[in-house]
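Given below, in the form of structure tokens, are the structures.
You will see chain A twice below: alongside chain B first, and alongside chain C after that.
Coming up: the complex of A and B.
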């Protein structure tokens, strides 16, 4: 007999919400009740001790049209493109931009067809138990969508929200989707978003995760992708906020000739813990994948990157690369990187590398010797370090948006 | 005097090695002073110390620039006060666009001096003009700072920065190294165009060759951290012909 775990305050709060959630939460409730949230003894959570880091789980949020309107105005959602607002966990179709005919969006609470959830998949489990809304987005075959589609998640209070989105992109389609995650100032919101993305054959897709919540907020995110044949998928991740963040990216490459690019920047401020965990399952021959992360850590921030690439025995001629470079700007800042390759095929090219460095003193001196003050010189060098990741983006506007985030973060944390 | 160095002693912070050991040097406004000396005599250290590199520590002596003690000033403050170092090895900085860097440098200095910042059209006009004079293509200025520049392009880009920043004291640290004769002429012309009664130059070089094109008013021999002999341009010719040995021997 195992001794039942003594629950933390965070777990108690979460269990309370799960009890109220009804039948959809029964599996989650049982699992967390018996085992608690994962600790560092669970390998997938070794660097993010969720049980100790999750201090609270506030009540489920709600919104009406008025609060949603205010939220959108204060959080400056006004980016060009199509905005689908999800305020405090609820979708507001009345405030959404009109969609082109080639896209179908439906909002529904999805309680079925969860598939199997792994024991250590805490984000999936919590999402299954608590998801209250979500969008199903279906993009027609061969649709070329020029406007970027933006799923704007905003939290206005210290509440929690869980959403699950499904996006199916037809063969030969082309578009950019953006998940944005924002909060009002100083709210200790907790959000959980799972997105299931199916990328059809020959389609060209950019998926952006732009997380800029306030420094008290907690976010759990999971993006599960199935990548079709000869498709091109670029995933851009920018974390420039949040107190506790875990973003998981799981990509199953099932189509030959596909190309996957993951580029991420994590800006980790004082008191923040930001974890990006990726898993690529390469199941077919002749695919290319490239992952690059640049991280900047200040104060006592802690960043985590776990990257697993699994190459199946039939996945010959795979070309997979992974790099994680971090700038640690204080003695107390910390970054944990764990790249992993599991290769069962014999004719593949796989590489990974992780580096940690500080600002280059010679470069700093050069800039200062031209009259640029130290703070500004440092900012130039930090921006240069991370902006490289977003250079040469085909969607230039996205690069500009991301660079603006970097500038904002630096002026607050530099 | 524009620059006055008195009994300067400098050591490397990391290993305490003393590099400059009692150096005296004065430069007037409008003067072109050349410093020559064998490898390891302290030439580059002197240029770094004047620009404010913090891996060197001044243990004794003073440096005043236009009557002001500069030793407590940070590198950016020294730049704002009018000191410019053309680096022997200009740093490559990936990710920093050259044009953005130039604009940041010019406007930082203007701001610190209480002048209005340059607007983009005026800035572009100034860069185009100086780049044209120095044979620097606008294409390379679109790249990241010094990244993928040839040796000659890097040196020319240094002189371009000097022309744009209009300093009072220009320190050229072995600007001739790695230049072929054509590039050397262009660089020297760029420097000569900036000669002015209010501007001084400190030209650090191994070879007399550069001094054929940038003709100095004074020549100083630096050896073992001290100026051991001073003269006019004839001294440079003498060194070229006879080497440093007899100058060093007569100073000993």
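Coming up: the complex of A and C.
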């Protein structure tokens, strides 16, 4: 009784691009042709109706050295550390910082080894169909990289870009890697980035996703992690821009004794729809994981958090916690949360908490009674609410950078 | 003695048998197997229903035919063959209905006696006068007897089988039925509309505090029979009623279907307290047999400051698929949901609630305690949402799960949706197993392990048990203990 899907304008545009993309796009093309993009009926996209939200899918972008240089200058790229620029979906090795010997970076257009992509994994499918470039980063065993590596993705035009990176961190290595997503101009760009991260045994890794695209841009991100034994991984996420954003984090914990920390702040402005969806698959005993998300929604923004913790029956002695707290600052703002637990082992400690509220009137009164004007009091309380997430990080500078972004956003949107 | 053989038998089965697992040999009259327009006409004719009712049923049937079975719940079962189910079964001799309790088949009365349901008013009257309960007993597809009707009528309360209400109070039925759960709300509600056979109808007039607890006992007796009951409770302005519901079914190797619809309506300042102890046959240890319990329960708090309280103790059924919900439409209305869901053996439970905040200053509270043992899967699925105009909505949700044994699963799937900045939603969920410290403490004081676990579990669910009416609280506590027997060791 199935009626054929009537494609939306966004889907039509995407299908057009996929048709041009060649054989790598055949699976994606077939899937989107038959099923369309996910709607609310697809459980994984319950609060992000991609079919209706994705209004357009512009042509695939390109860049040359000149545009790349301009873009980098506009975005003031050149912070301390190692910068690997990816402009309009293309990697520019000529503009990259020289790398230490312990790291190998290779740029490649991958057309093979995509692995199995689930039918509801719209980001994976779109990425597979359209990926034009990507980096393979291999970090040697026991390498201690002090400089942070920064994958700077910049869009300059109303174009689309899809990249897929593979990062393999050897056993006992330590490093900080930052994914930045920027727009050089106020353009309705669409980007799709999938990162596959393999964290070796005993390694210590901090992965930062810093997204501050303009208010017209659409971003799809997916981070797929495999966490080794006794490894420590910290994932920090800051979304402070974008019109339509969906960031997925999938972590498969396959090493005993590992520790995972996910901390995120989503600042959701007027007209924005920001969705962070995490999935933790705990497959081995004795792991600790902690997730904290703080969200601030202003105007008619819509924030979404979906978090799933799946504990396999052999994953005894798991300690997993998840918290999602949201502040709604306007009557038109909206937040939807779905923190899920799926537990098949009995000797575990699992908990999740979710709250949604406005600024606490008592706290506001306390500050105002001490002579602090209302606007300032509110800002103070909002800052305190989110800044906590990035406090006491081992990599201190990162916390500073992220907190600075939060301050900027608040002064523009507060 | 062969120890091995004995240990294969689940102790719980025996107790369940003692409690309710006997099949009553009563001649019964059934509609032909399967579902068709003719079967619906047959049911309608059996019930002497007016023409409008038949049309309404047929309409529901046609809508049902176009619908798909929902697949989103975390339960798995073989596809139900609707052609193999008897949609109507009545103990023989019920065409006219009994006039007094003495007309009731003594076999039937014995059944209820064994179940411990106080059908005979005099027996009850001999007891404490204040603890009277009016009972409506539903056996397979028909209501067999309703007690205390006269006394209730004096207070203006209507408490009767819904089939009777359709004939005697058509204006009320027409006005309220499906106003909370529309015909095509979901697959099973549409099916229920087409084939429902009985259930209770309660109407509490303005300002009346129902003088006694109302109660319905449902029992599925016949083989391959589905039970489709429909309950409608209307509490007018300023009224109050407490309603209890209990269910049992005998042990059968085949799966039986139970698809009920319950609608509650509260007007201004009215309150309904709805308590359920569900003890349908859960199937044997290997998941053979048992009831498929697919129920739609929803309350509409229409009036300002009205209140609905759902309390449920779910220990039975092979599969439970049930979400008693509250639509908080009136300003200042309140919804509460207290639940204990115990699963053991191969049971699957997917249950929870929905609190939809539409009015201003509405509040809701959800306390859910899930206990999984054996190889069972126990899921809490709940939704809390605040509408754009529902200012100052408040919700507190607490879902705790307890795991006993490492083959079972406990899952939590909450949906939290705030479309209003003045909404204040709090949700917390925990999952853990029985604390070793607590167990050690009990064992050290000479309490055997099984008893110790029962003790700890009772502590775990105390918050919910407290909300049950006294008569039910004792039964519920016993049931939980029995359901968990054999899960330790």
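Quick note on the criterion: the second predicted complex is superposed on the first by the 409 of 414 C-alpha atoms of A that agree within 3 Å, B and C clash if a C-alpha of one lies under 4 Å from a C-alpha of the other, contacts with A are read in each partner's own complex, and residues count from 1 in each chain.
By our rule, a contact is a pair of C-beta atoms (placed from the backbone, for glycine too) under 8 Å apart; a residue touches a chain by one contact, two chains touch by 3 or more.
Treat the numbers as computed from the prediction; the structure is a model and nothing was measured.
Superposition of the two structures on chain A shows chain C fitting alongside chain B with no clash.
Chain A is touched at more residues by one of its partners, and among chain B and chain C that partner is C. Of the two partner chains placed around the shared chain by superposition, chain B is the only one that A:373 touches, whereas chain C remains out of contact. Contacts of A:334 after superposition: chain C is touched, whereas chain B is not reached. Within the superposed three-chain model, A:363 lies in touch with chain B and out of touch with chain C [touch as defined at top]. The superposed model places chain B and chain C at 80 degrees from each other around the C-alpha centre of chain A, with the value given to the nearest 10. Legend: residue contacts after superposition of the two complexes on their common chain; A:383 is shown touching chain B, with no touch to chain C. Once both structures are overlaid on their shared chain A, chain B and chain C have a minimum Cα-Cα separation of 13 Å.
Remark: chain C residues 72, 388, 401, 403-433 touch chain A in the complex. Contact residues on chain A toward chain C in their complex (touch as defined above): 43, 46-47, 313, 316, 326, 328-358. Of all residues in chain A, only 361-363, 365-374, 376-377, 380-381, 383-385, 387-388, 391 touch chain B in the complex they form.
Chain contact summary for the complex, chain B toward chain A: residues 51-55, 74-76, 78-80, 84-85, 87, 90-91, 93-96, 100-101, 104-105, 108-109, 112, 144, 161, 165.
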